[in-house]
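The first chain written gets the first letter, and so on, giving A, B, C and D; residue counts start at 1 in each chain.
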Amino acid sequence: MSLRDLMIQAAYLAASVFFILGLKSLSHPDKARRGMNQAAIGMLLAIVGTLANSGIVTYQWIIVGLIIGTLVGIPLGTKVPMTAMPQQIAISHGFGALAATLVGVNEWMVNGYGAGIDRGTMTALGFETLFGALTVTGSLMAFGKLQELLPGKPITWPLQNATSLGLLAAALGLFGWLIVNPANPVAFWAMCGVALLIGVLFVLPIGGADMPVVVSLLNSYAGLAAAATGFAIGNNVLIIAGALNGASGFLLSILMSKAMNRSFANVIFGAFGGETAGPAATSATGLSVRSVSPEDAAVQLAFASRVIVVPGYGLAVAQAQHVVQELAEQIEKRGGEVKYAIHPVAGRMPGHMNVLLAEANIPYDKLLDMDEINPLFDHCDVALVVGANDVVNPAARTDPSSPIYGMPILNVDKARSVIVLKRSMNAGFAGIDNALFYEPKTAMLFGDAKASLSRLVAEIKSL
Amino acid sequence: MSLRDLMIQAAYLAASVFFILGLKSLSHPDKARRGMNQAAIGMLLAIVGTLANSGIVTYQWIIVGLIIGTLVGIPLGTKVPMTAMPQQIAISHGFGALAATLVGVNEWMVNGYGAGIDRGTMTALGFETLFGALTVTGSLMAFGKLQELLPGKPITWPLQNATSLGLLAAALGLFGWLIVNPANPVAFWAMCGVALLIGVLFVLPIGGADMPVVVSLLNSYAGLAAAATGFAIGNNVLIIAGALNGASGFLLSILMSKAMNRSFANVIFGAFGGETAGPAATSATGLSVRSVSPEDAAVQLAFASRVIVVPGYGLAVAQAQHVVQELAEQIEKRGGEVKYAIHPVAGRMPGHMNVLLAEANIPYDKLLDMDEINPLFDHCDVALVVGANDVVNPAARTDPSSPIYGMPILNVDKARSVIVLKRSMNAGFAGIDNALFYEPKTAMLFGDAKASLSRLVAEIKSL
Amino acid sequence: MSFITVIQLYVFVLAAFVGFMVITRVPPLLHTPLMSATNAISGISLVGSLVAAGSGTHRISNILGCIAVACAMINVVGGFVITDRMLKMFRRKPDGARGGSATP
Amino acid sequence: MSFITVIQLYVFVLAAFVGFMVITRVPPLLHTPLMSATNAISGISLVGSLVAAGSGTHRISNILGCIAVACAMINVVGGFVITDRMLKMFRRKPDGARGGSATP
């Protein structure tokens, strides 16, 4: 091994260590930023190490690619609003997977269209193109659904699972054929095509609100594709980074499914979570709802000494994070205490609420996890529910026939009084009615969350 | 790669995974036993895999070795009392390190006394024999001190650090020479000899009570020796198991030093912790000690409703774990509540007290960590200190000139009353006086802990 | 299967272990930054892309490689920038600029 | 340094990471069993010892190997037996046999 090769390997090893340290630093918000800078340095090392590779003889294509990538990447990183995070991440996975796929295709093509490839390498290349290609189309579909370019509802068709399984079998069959005979263009291109199709058909039947689970799973696939690239070209940093991503994506999608109290299989094959649009299914049988004026709600909040804000998906939709902070400021000015109750699957992405509230400059020690905040509802004067619904639905505790039965929820119904901000009596993501809204202690303040909150702020100021 | 080799590699990979899972299972006592059984299966897999190796042609020597090892190992595992754990672990490290060293020496000898060895392999072999040899003698010395075959006191001599540094430099010089020229018997044997000597001289100046830190560090060295073997013979399971041990030993010795509020360097080079024998240095300047009769102490305990037992090294010396349990049973029978306060460095080994009390069938949820138990002393009627001293010394909180100042301690002085069982006014491991013993609320019950506890049990029964 | 592939398998398995252990320690508070961080790291495909784009033997490699480099670089740049943007927002206390809040 | 050595270095580094992360999660309650468990695992030197003891080329290998096998086996057997003996003792509630204690 030449000195140059040794230096390259050292750079790759250092990059791997930096990636691990970077992810490790995310275990604490105070260390996270520095850690991610380390990870970025690791990426730089990996790039520089690769450029020193003796196999690289021409640089103009590289430079063009790097410039384009940077020019697109910077606005993507700086301009995208926090509320659009899920779709941003989805489309990025698509890019990463496309890169892996193209590398695999190229590797196969330049080695005599498979003729110069042994079976071991072909196995790795096959994995790479298979996972890569289905991640590309899958991510695009997820992006489309999240950005609402495509209908968010699950799109189903007859014999749906049979088609999917058939395609999967076809892809695996072609893959097997390729391993036996790598120099088989028909099989190779057919496999790529089938993989692209699988990506589309795999995501179509999943509801828009379940997309975060899909995105996370695709992250895992993108990681596996990168690891397969590593096996194919014998590069350890690819294997390690790929394995890290694979583990992370897999774990997060499991965690999300669990927190939604659904099995992973149910998310992927259930075609659930599309009925968000219509009004609540089992609505209002003889129960009455008490609605409140902004003036009265403002008085209640102004004189409360303990307020807990419960943000949900509606906060993200209304982009109301900054107004919520202003309201809290007003309450605190008058001597009240404001805390935030963060349910693990509030919003549409793990950690969604935390990012939004952090954006509004709310210190993270006021954002309390479900386990920490639940005991505090007992001594809370007002629970202010801002666009949350399922995560505060007592049916999860009391009604065994409810689809969300068993999901841990925020005990908002234990608070002395509750104010709910939402636009209508429509259901949330799970499409079910919420008994909390009919309780005598609950007051509904209808309207867009941002508008209602602004009113509340104005009213409190003028008190 | 032949199918046989593939199977062997699969066995090694599985073994590595089992080892990791085994250690991971130790994060919870309920899962630990099953996890360690997995680790044992991993070891079995590694052995079977190795026996399938095509390089093995004769089995009689193997069988003899395995039989001897088993015959010695079983009584060592089943008969050694829990109180002798530190020395048992010390001597075991010696055996493991001897095996690694002999493998290294053999590898060097059969390859034409170094003539058939390239520099890379020589580097690995050198590490292996160096770390292995010094661990062998170091472990034997540690065993000797713990078993009190050798004087526990630090043995120092003029120019001690200079000699040690000189020897270390000599070993490294010889090692470097060997890498340049592996076929150099003089350098090889000299290096082995120097390494053996370093092991002895490294442990001699360390006090007997500091041995656990040394044992842990030697565990780390034994791990590194095993990992080096892995590099030398190209075996991954050795590398992985070695790295696991290296990390574990290193981490534990750091944790121990920290909990003793001493720097790692101070433990290794400080020649501290030998003055255990004599009476307390700054003893009794005008203060008086109140001694109590077993009868009076028994009455106090029998009518207490909250008792916290604080075990220390004296409990291990007296082997009083079973009697302590009997006493607790008596108190509980009379309606009192008994908890145990476990300081992280009580005793002479991390987790020492936990093992002893678990041996006496005390459920582990009654053994509370320092952070958990400290707030409970405020509401405790009697704190029963059984052979503990330094870990309850308030000087750690109050006296900046004390050698243990800053070490976190158990707040025994916050209890309503304190009974201390020890044989005399002698100091503990740190060799310093303890103001707790002179406080008005403290009563001393002099005598061997086991004898005193038996008296207490008898007295309570007869009340 | 060569011996090198076998060791690479060890690397993969160990890295997956590290991944699982590291990720389980990330609090829900930081799950969104975690997603974008792994997204950025998955731009490591760049390594393979650069080799293809810089190859001197086939024009097709240059073209496919160039596209791959661009895609992976979007991932890297976008991912790290956005992660940093998010993490910058997480603070224990609000910064001095906002004078309103009553809690010290 | 060969490419294989380089990958082995990766294996070592990753395993050390795994080790650190696994060990930091072991509670003080189980530190003594941990010490004896790692002690048992360090008997893995057995793998190298077996190869030496079974070699067909040098008598000295057989002899040194035989001693090494015995030593490593002491480690393995003693270590696992004693760890299990300790872990067996850790229970949440005392077993039925001891009827004395008042707490349920």
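Rule of thumb we're sticking to: a contact is a pair of C-beta atoms (placed from the backbone, for glycine too) under 8 Å apart; a residue touches a chain by one contact, two chains touch by 3 or more.
Just so you know, these numbers come straight off a predicted model, no measurement behind them.
Asker: More C-beta pairs touching across which pair, A-D or B-D?
Answerer: B-D
Asker: Just how far, in Å, is the C-alpha centre of subunit B from the one of subunit A?
Answerer: Chain centres of subunit A and subunit B, defined by C-alpha means, are spaced 46 Å apart.
Asker: If you average the CA atoms of subunit A and of subunit D, how far apart do the two points sit, in angstrom?
Answerer: Centre-to-centre distance between subunit A and subunit D: 41 Å.
Asker: Can you check how far apart subunit B and subunit D are, centre to centre, with Cα atoms defining each centre and the answer in Å?
Answerer: Result: the chain centres lie 15 Å from each other.
Asker: Averaging only over C-alpha atoms, locate the centres of subunit C and subunit D and give their separation in whole Å.
Answerer: Here the centre of subunit D sits 36 Å away from the centre of subunit C.
Asker: Provide the list of subunit A residues touching at least two other chains, using ranges where the numbers run on.
Answerer: In subunit A, the residues touching two or more other chains are 16, 20, 234, 236, 240.
Asker: Which residue numbers or ranges of subunit C touch two or more of the other chains?
Answerer: 1-4, 7-8, 10-11, 13-15, 17-18, 22
Asker: On the basis of the stated criterion, which chains touch which? Give every pair.
Answerer: A-C, A-D, B-C, B-D, C-D
Asker: Applying the document's contact rule, which stretches of subunit C touch subunit D when the two form their complex?
Answerer: 3-4, 7-8, 10-11, 14-15, 17-18, 21-22
Asker: Once bound in the complex, which stretches of subunit D touch subunit A?
Answerer: 1-3, 6-7, 9-10, 13-14, 17
Asker: If you look only at subunit B, which of its residues touch subunit D in the complex?
Answerer: That would be residues 16, 19-20, 22-24, 26-30, 32-33, 36-37, 39-40, 43, 46-47, 50-51, 53, 55-59, 61-62, 64-66, 68-70, 72-74, 76-78, 80, 82, 85, 88-89, 92-93, 95-96, 98-100, 102-103, 105-107, 109-110, 120, 215-216, 219, 222-223, 225-227, 229-231, 233-249, 251-252, 328-329, 332-333, 335, 337, 342, 344, 349-352, 354-355, 358-359, 361-365, 367, 369 of subunit B.
Asker: Subunit A touches which residues of subunit C in the complex?
Answerer: For subunit C paired with subunit A, touching residues are 1-2, 4-5, 8, 11-13, 15-16, 18-20, 22-58, 60-95, 98, 100-103.
Asker: Show me the residue ranges of subunit B that touch subunit C in the complex, using the header's touch definition.
Answerer: Residues 1, 6, 9, 13, 16-17, 20, 234, 236, 240 of subunit B touch subunit C in their complex.
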